[in-house]
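Below are two complexes that have chain A in common, paired first with chain B and then with chain C.
Let's look at the complex of A and B:
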């Protein structure tokens, strides 16, 4: 794909975000209640984004051993180990990228275990380091249906976040401000959805690998006008781009399930491009589509949105979700990434690939790797697998090889 | 002069050359060690092929496939399916035990890859595993097959890790376990490894790859384990290179 104007704008947005971050700062997990924190008056920092930066810059390999020596296993989340290792070495890629001496200091830390338990250990570590309040949201996990009592449970925990945040800041939450932020989050998330949906077109103007870059605002600036404006422009640019592209019926359309391999984004994007194939959809990028946000009912709608995320659902719900995605995006093959250090987001481990194949007849491939720890990734073996898989799909699609 | 087609399988341990004619008949085949710093041997064979045959298309495969300029590059799984299908044009399961990995391929009659599976985390249960463990056990690789046949042992090496397996073998040696039993133990650990992979038992099973060339007794052990017929592709080490040559012939 050609370099998008949106990617250039994104660089400026991210620079402004990091350089302009002033106290009070709250840290939050990527699918945590950022709206509450923003409405209270915090600027919000996301350690997972920092973890991904460490992966994408391939610095993670330098820092992970430091976390091991501090007692963190090599088989737990490599966002956590890379991030904590970097902290222990007093280094951050934000220095080279934006001239920051350090990651922003938190006045309050909030996590949501809707994605995994590792975030609790990760964020509590920093609570001890910075001696600041830490509030954990522990929603019911692995749900098929999400009931009213599940929502009530999470809403009660959100109220604790509000209470602690009010104490930290010495002021009350303005309910109108929360409504405003949730409204912006909803608008942003719907625009993000439309951006990802441009990949339904053939050929797609957008790949999963582009998405992993373009998703930064919906994670880090969710609930702001900056985010909304960015996706309006991005959507417009992608729609224009799609009009100029000629259909290629030979192009293979793939689905990516699981975490990105951050240190191999560029080479993988190139690989698929060279092999006339494109990863058009992913559960990962879709994780920040929150249809349930409703400013008229902020806390309940947030509780619903954040509890219903894919990673927090039961296997039947995951299967149904993916079946719909495969159909919507007219997918030829599915790639499952079994990330060694991300048990919760390696969805191949309980038979889902086989059940999907049985129900949709779409072929699946599992590749072994990791989000950040490239010791668990073999370039040669993965390339062999992917080349064979694409050949297998082409052969079935009866297109020229 | 008739057209000929060259397939080169640059595997992790050995490089195999196969030339076929239009009818798919093998006209030439040769095996040399891979990764020799002296590339002259490779070039000598290439020159010999160029002098003897009218090569109209080439295909490279194996881990080194992209390191050598050929008309086509195909993975060893695709080539294994093509090569074995020339001998067994039927729906089948291929077990390719190579120097550093094991591949399970469900293939159609014409070499179509229907499904596949390969290890990509470690080399346990592969040719390198055998070489390393046999070395620690002080057993000559060439003698392993006959030694294992004479064993009634059913003891398996537990560790999948090649290094830890070597330590385990050291323990066996201290305990006076015979060379015959150690040889069979090494084979059984490979069978154990293969059995954890999704081998389809309701279709014909064919073995290929370098390991089965030197250790054909593995076939008997696998047959016992699977409780079904298992065949070896003739000249199993050449199956992938042959497949590459046939793809060079067939691909437009």
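Let's look at the complex of A and C:
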């Protein structure tokens, strides 16, 4: 696929975001309560995004061993090990990309273990390094249903974030500002949903690999007008593009479950393209669609949205979610990525592929790899597995090879 | 007479099949070239030229040249076919009773169940670890100081096969080094390795609930010791499968590619008319 205009615009947005970041700065996990921090008056920085940058630039391989030498295991999150390794070596890809000497210094750090416990160890490490307050949100985990008491639990923890933030800044949270930010987050997230939904068209104007790039604003600029404006333009461009594309019934439509392999985005996109197939949908990109945000009820709605994320749900809820996605996007085959350092987001390990196959008859494939640590990934093995899988799907769809 | 050429580029060997293409195709010659860290593209070009020269043929006279496997390494070709399709075709064509094909190559093993002739209905393959692959077996022969051709007959001599890690190639290699230092007979170590590989293959056969007969394919199908152990383990698990390997079955991919090439040539002519 040709580069979208939106991708060019994104470069400028990200440059402005990083270069323009001024104190006070709060660090936050990607599905943490960024709205509260923004409404308090912090600029918000996301270490996970930095981890993904280290993966995409393939610098992670240089930094991960440094974290291992500092005592972090090779089998824990390679965002964490790459990011901490880079910090210990006093390097960052932000230097080459935007001329920044270092990652932004935090005045406060907030994490939410709705995705994994690694973020707690990761962010607490930086709390010790920078000697700044760290607030952890520990929501109930792996829920099938999210109850009122679960929400109340998280809201109480959000109030602690507000209290610590107010102390750091020496000013009270303006409730109207929080409502405004949550309203923008809701608008942004709904536009992001519409952007991803353009991939329902045949052929899809968008692939998972484009999505992993285009998702930056919904992660990093959620709750801002910049994010909303960006997705309005992106949506309009994708809708135009979809109109110009001719239908191709031979194209295979795939679903990606699990983390991206950041250091192989381009080669994998090319591989699928060469094999007349496209990864049209993923749990990963869809994880930043938060339908529950409601400015009239900001804290409760945020607690609900962030506790209901896919990674924090029980196996039955995950199954039902994926069944719906497979149906909505008319999927021919599912690829599970077993990321060796991301236990929490490798959803193949408790029989989900088989249960999905049984309920939908859609074939699944598991590939071994990792988000950042390419020592766990074999290009040759993966290509052979994928080729075999696509061959089988084409055969079932009666597409000539 | 019309000829088609199939070129199967594997990770260890390049197999080339020259076929006299008709309603009743005949294999004219099969070549099998070990890559040995040489440039595969140069190797393919030379092997094709030599093969054609031996049969007084020119490249332009060939009806179709088809690649399979790592097909992008083949410069002069008309089309590429996926390797499951070609292995299935190669196995089925000369043994039409075949219901299941096991491709046992240098990198991985793959079981395919067939329907309506050579159409692949379902498949399963070994995972990321190399311990289910031919390359692993070849590496081990270096520790043992035997050639790959000696492996099969030695395995058949074993009285008390050694037990190896079936999960990890690195652990299995360590096991082998320990066994050598303990003085365990080479034949017993080799049969232990065969059992480790065969267990993976038989698990795949069982998982797919395949039908008999099962045609073996790929380089490891020429290892009589491994073939015997696969049969034994399948019997022990009461799978009731007739499992067989034939003289040329290591080249089923290349043979299948050549056959598919001829089929596609005439199909395209039909469409054009």
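To be clear about the criterion, the second predicted complex is superposed on the first by the 401 of 401 C-alpha atoms of A that agree within 3 Å, B and C clash if a C-alpha of one lies under 4 Å from a C-alpha of the other, contacts with A are read in each partner's own complex, and residues count from 1 in each chain.
Following the convention adopted for this analysis, a contact is a pair of C-beta atoms (placed from the backbone, for glycine too) under 8 Å apart; a residue touches a chain by one contact, two chains touch by 3 or more.
Model, not experiment: these values are computed from the prediction.
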Worksheet entry | Room on chain A for both chain B and chain C (clash or fit) | clash
Fill in: chain A: partner with more touched residues, chain B or chain C
B
Practice prompt. Would you sort A:156 into first (chain B), second (chain C), both or neither based on which partner it touches?
Written response: neither
Discussion item. Just to be sure I read the superposition right, which of the two partners does A:381 touch: chain B = first, chain C = second, or both, or neither?
Written reply: both
Fill in: chain B versus chain C as contact partner of A:392, first or second or both or neither
both
Practice prompt. Report for A:89: first if it touches chain B alone, second if chain C alone, otherwise both or neither.
Written response: neither
Worksheet entry | Partner chain in contact with A:70 - chain B first, chain C second, else both or neither | neither
Practice prompt. Return the residues of chain A at which the contacts from chain B and from chain C coincide.
Written response: 368, 378, 380-381, 384-385, 387-388, 391-392, 395, 401
Item to complete: Mind listing the chain B positions that touch chain A in their complex?
Response: 63, 74-78, 101, 112-116, 118, 120-121, 251
Worksheet item: Which residues of chain A touch chain B in the complex?
Response: 363, 367-368, 376, 378, 380-382, 384-385, 387-389, 391-392, 395-396, 401
Worksheet item: Which bits of chain A are touching chain C when the two form their complex?
Response: 368, 378, 380-381, 384-385, 387-388, 390-392, 395, 401
Worksheet item: Can you name the residues of chain C that touch chain A in the complex?
Response: 11, 81-85, 107-108, 110, 119-120, 122-123, 125, 127-128
